[in-house]
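Take a look at this one; I'll ask things after.
Think of it as A, B and C in the order they're written, each chain with its own count starting at 1.
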Amino acid sequence: MEFTLQQIALMLGGELRGNGQQKVNMLGKIQDAKAGQIAFLANPKYEQYIYTTQATAVIVSRDFQAKKEVPAALILVDDPYLSFTVLLEEYHKMLSFQKTGVEQPSFTGAHFSAGKNLYQGAFSYIGQNVKVGDNVKIYPHVFIGDNVEIGSNTILHPNVKIYSGTRIGSQCEIHAGTVIGSDGFGFAPQEDGSYKTIPQLGNVIIEDNVSIGANTVIDCATMMGDATVIRKGVKLDNLIQIAHNVEVGKNTVIAAQAGVSGSSKIGENSMIAGQVGIAGHLVIANNTSIGAQAGISKSIKEEGQRLLGYPAIDIKEYFRCYAVFKRLPDINDRLRELEKRVGKPESIESNGHA
Amino acid sequence: MEFTLQQIALMLGGELRGNGQQKVNMLGKIQDAKAGQIAFLANPKYEQYIYTTQATAVIVSRDFQAKKEVPAALILVDDPYLSFTVLLEEYHKMLSFQKTGVEQPSFTGAHFSAGKNLYQGAFSYIGQNVKVGDNVKIYPHVFIGDNVEIGSNTILHPNVKIYSGTRIGSQCEIHAGTVIGSDGFGFAPQEDGSYKTIPQLGNVIIEDNVSIGANTVIDCATMMGDATVIRKGVKLDNLIQIAHNVEVGKNTVIAAQAGVSGSSKIGENSMIAGQVGIAGHLVIANNTSIGAQAGISKSIKEEGQRLLGYPAIDIKEYFRCYAVFKRLPDINDRLRELEKRVGKPESIESNGHA
Amino acid sequence: MEFTLQQIALMLGGELRGNGQQKVNMLGKIQDAKAGQIAFLANPKYEQYIYTTQATAVIVSRDFQAKKEVPAALILVDDPYLSFTVLLEEYHKMLSFQKTGVEQPSFTGAHFSAGKNLYQGAFSYIGQNVKVGDNVKIYPHVFIGDNVEIGSNTILHPNVKIYSGTRIGSQCEIHAGTVIGSDGFGFAPQEDGSYKTIPQLGNVIIEDNVSIGANTVIDCATMMGDATVIRKGVKLDNLIQIAHNVEVGKNTVIAAQAGVSGSSKIGENSMIAGQVGIAGHLVIANNTSIGAQAGISKSIKEEGQRLLGYPAIDIKEYFRCYAVFKRLPDINDRLRELEKRVGKPESIESNGHA
């Protein structure tokens, strides 16, 4: 990417102070940006750097009052941080979407249908009857099974594995090593103590605007016609386990290494922290917030709760209990002291309680 | 797959009511099956759907008494659910085993020996001196190191990575992204605070009828001649960690994101729930059941225990303790109140205890 | 590998008793080594095996006194175990480094620069402007993005995925399925409850002598110019989550399935056990030891602490508290008994406390 400052000022609806013909090709931090880069100043505590920065241009607030001479060109905007993220995004989009074409060798099954601007990396494998939208990016080593459909503008990073029958929406991004549609953990115990595998014939449906981190696993549903469903706008981090027949509600965010057991239904707009475990066949209400490492063993019916512990309880209550837990040896001593002073009934003394 | 109803009735030992020449090619749920599909009715609360289903045929119990006209053909059997799972399994087997042949490009090292009906997907990599049995399915992007042996009817899903020297039995299924035989975590501390890598030269042995989920990791044993061993019939879920020199006993089931540290030996017929952690060098008795997120830091000698907590104790005991834990602030208040009423000894009061 | 006993005695600075022209080509355990192998005897309880072993040679202590005839040749050294690990290491090095050359098909982008003895496996993918040192081993299915630099003697096992811009030092080893440089989990909440993706433009820097297990994930930093940093000598196990902008200090060891949240900084020479969770934006002092499954929610300022629990406290303190926790039902009973004997004040009784 390379833009003139004039182009950037136009893009951001900002006012330019300086030479509009200068070009920048990178974003940088104000304290270490170099010539050719553009930085921003939002937090006043970084103001010192604007007087020494080597950046070609700095995005600042419209009410910025320079106390000394500023070496860089300025672009004045309403909200410098917001404007910077707009640039970041543009930059990112350009990086992500600059790749098109089909690298060789790659493998494409019968009846493949793709929209415009497809990128299909070397060593990617596409099964039969696969259909993908416009601008889809399939990085190297991606595996796509038979009968998979993928919406427009979706990015599959290297080595994503999509089992047969999966549906993925538009504007999704799935990071390296993630597996979508593997068999759920279904085994029927037999009389001799062994287990018989229950075939898993459902699929996974991922709606639009879903982001999934690296090395996460989402199992398919058990029965044909059923699906494990990740609703619109869900954000899943790395190394997460989503078991068969789970549903994750709209705009819910799940942090790394959390796990959801089979057939549980997570509500919308919920926040599930790292390493949380959710048991199977539960229903978690909308707007639930679950703290790190908590274990959920019962359905959460009331919306808007914040939970912690195992089994999880109200987070404030958990901390009040834990505060006493940390003084338990003292409490034990005080209880003994009281017993000594009050005396104990015969029956208890004879049981050997001290 | 496509079967006539007559063929299916024969397969299930069922009695056919309807036109035996009709064909079905898919399984479906009674409430939303379409023409060409076969469904089942086992739970009476779904009976309403049998009168409106579009399925071509429904599997029902021999004592089913229709209250209205049924549009579908019927196949009467002793246990409709069981019969349906038999069909599921047949269907699954056909899906799994329909693939044969070698897709190109794939890479095969010297001295490769395979039984009949091999499927070797594109971009799969097979090292030297590899030997696989009949009907083995090696999906795309699978890596198999040197000197690996794999039994008959075993399926390696896309991107499974098998390090050199691994032995895998028959009728095993390993899901996408799983790594078998990576180096154990062995580092010897040096005087300067750094660590020296201890070479890991053992291997992994996986016996027959083992199922392993996606993105799980099983490390090899440390010493040459030693093995990390997964016994017959074990079922491992996704994202599990099995460290070097671990042994998992026959028919034991381990749920997602659990971890077993080096050299621990898990008994037979045990159930280990999700996110459980088991420390190193322990022996866990047969028939042990460990609840979600529990931490095991000592060997379990008595068989048949059910455990929870960290460090884990008897599950009922844990819940009794946790019930009081949730009332600790109240207990603390009551203790203070008692101390106020009884009075405290000088020595404690002077220490500032309130 | 094949060495004469004379060569091995020389390599270990040991004294040979037996025929120096005999050759060994494998290491084995004294109790089951075969002809052509070399074993060691360090622990006296294995002494019995030295009189029956089929090993061609055994490494023993200089002060070993045979009680019977020993069938094998002997190599006498100061510390048999240490000498054996030296051999192990040599053997391992030879195994690891015997592979060189470029297997086909593989994919190499423009401006690739490699030192001597490169191994580049089939189906590996190398992006543009990638630079690697001497003796680098790139196994099959490895993906390396654009502008990546890798030092000498580093091994990337099958299927390692390196995103663009990553820097990896010398003498590093990264196991199968690990992902380096995936996008951090950055999403800005919008007014309508949805999240907007914050582009992640930083990278990952891995210094020298770092080992990383299988299926681990290390996210890139958020801002351009920032990095997630893994310092010299760090050892990471399998299935670990390292979030964006984290720094792991020199020679710190992290066990399997632990997770570190965004922007936290772990000190040097620390030990973090399995399944530990560390919250974001924390600073953990040097020489900290964190026990299995602990949760760290505050910065650790004092060096050398040992911690456990959630939120973690001093490990001995935790065990003292937990010991009382396990007796909470009894404590509750004793408190009630005392209340019965002492009597309760009106105000509390009227609140319904029992």
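Rule of thumb we're sticking to: a contact is a pair of C-beta atoms (placed from the backbone, for glycine too) under 8 Å apart; a residue touches a chain by one contact, two chains touch by 3 or more.
What you are looking at is a predicted structure, and each value in this text was computed from that prediction instead of being measured.
Put simply, chain A has to spin 120° for its C-alpha atoms to lie on chain C, with the angle rounded to a multiple of 5. The two sequence copies chain B and chain C touch through a face in which the numbers common to both fall below half of the numbers used overall.
Centre-to-centre spacing of chain B and chain C amounts to 25 Å, using the average Cα coordinate of each chain.
Shared interface positions of chain C, defined as residues touching 2 or more other chains, are 105, 123, 141, 159, 177, 215, 239, 257, 275, 293, 325, 327, 331, 335, 338, 342. By the touch criterion stated above, chain B contacts chain C in their complex at residues 105, 107, 123, 125, 141, 143, 159, 161, 163, 177, 179, 182-183, 185, 187-188, 193-195, 197-199, 201, 215-217, 219, 223-226, 239, 241, 243, 257, 259, 261, 275, 277, 279, 293, 295, 297, 310-311, 313, 317, 320-321, 323-325, 327, 330-331, 334-335, 337-338, 341-342. Interface of chain C with chain B (complex): residues 26-29, 32-33, 85, 88-89, 91-92, 103, 105, 121-123, 139-141, 157-159, 173, 175-177, 209, 211, 213-215, 233, 235, 237-239, 250-251, 253, 255-257, 268-269, 274-275, 292-293, 322, 325-329, 331-332, 335, 338-339, 342-345, 348, 353.
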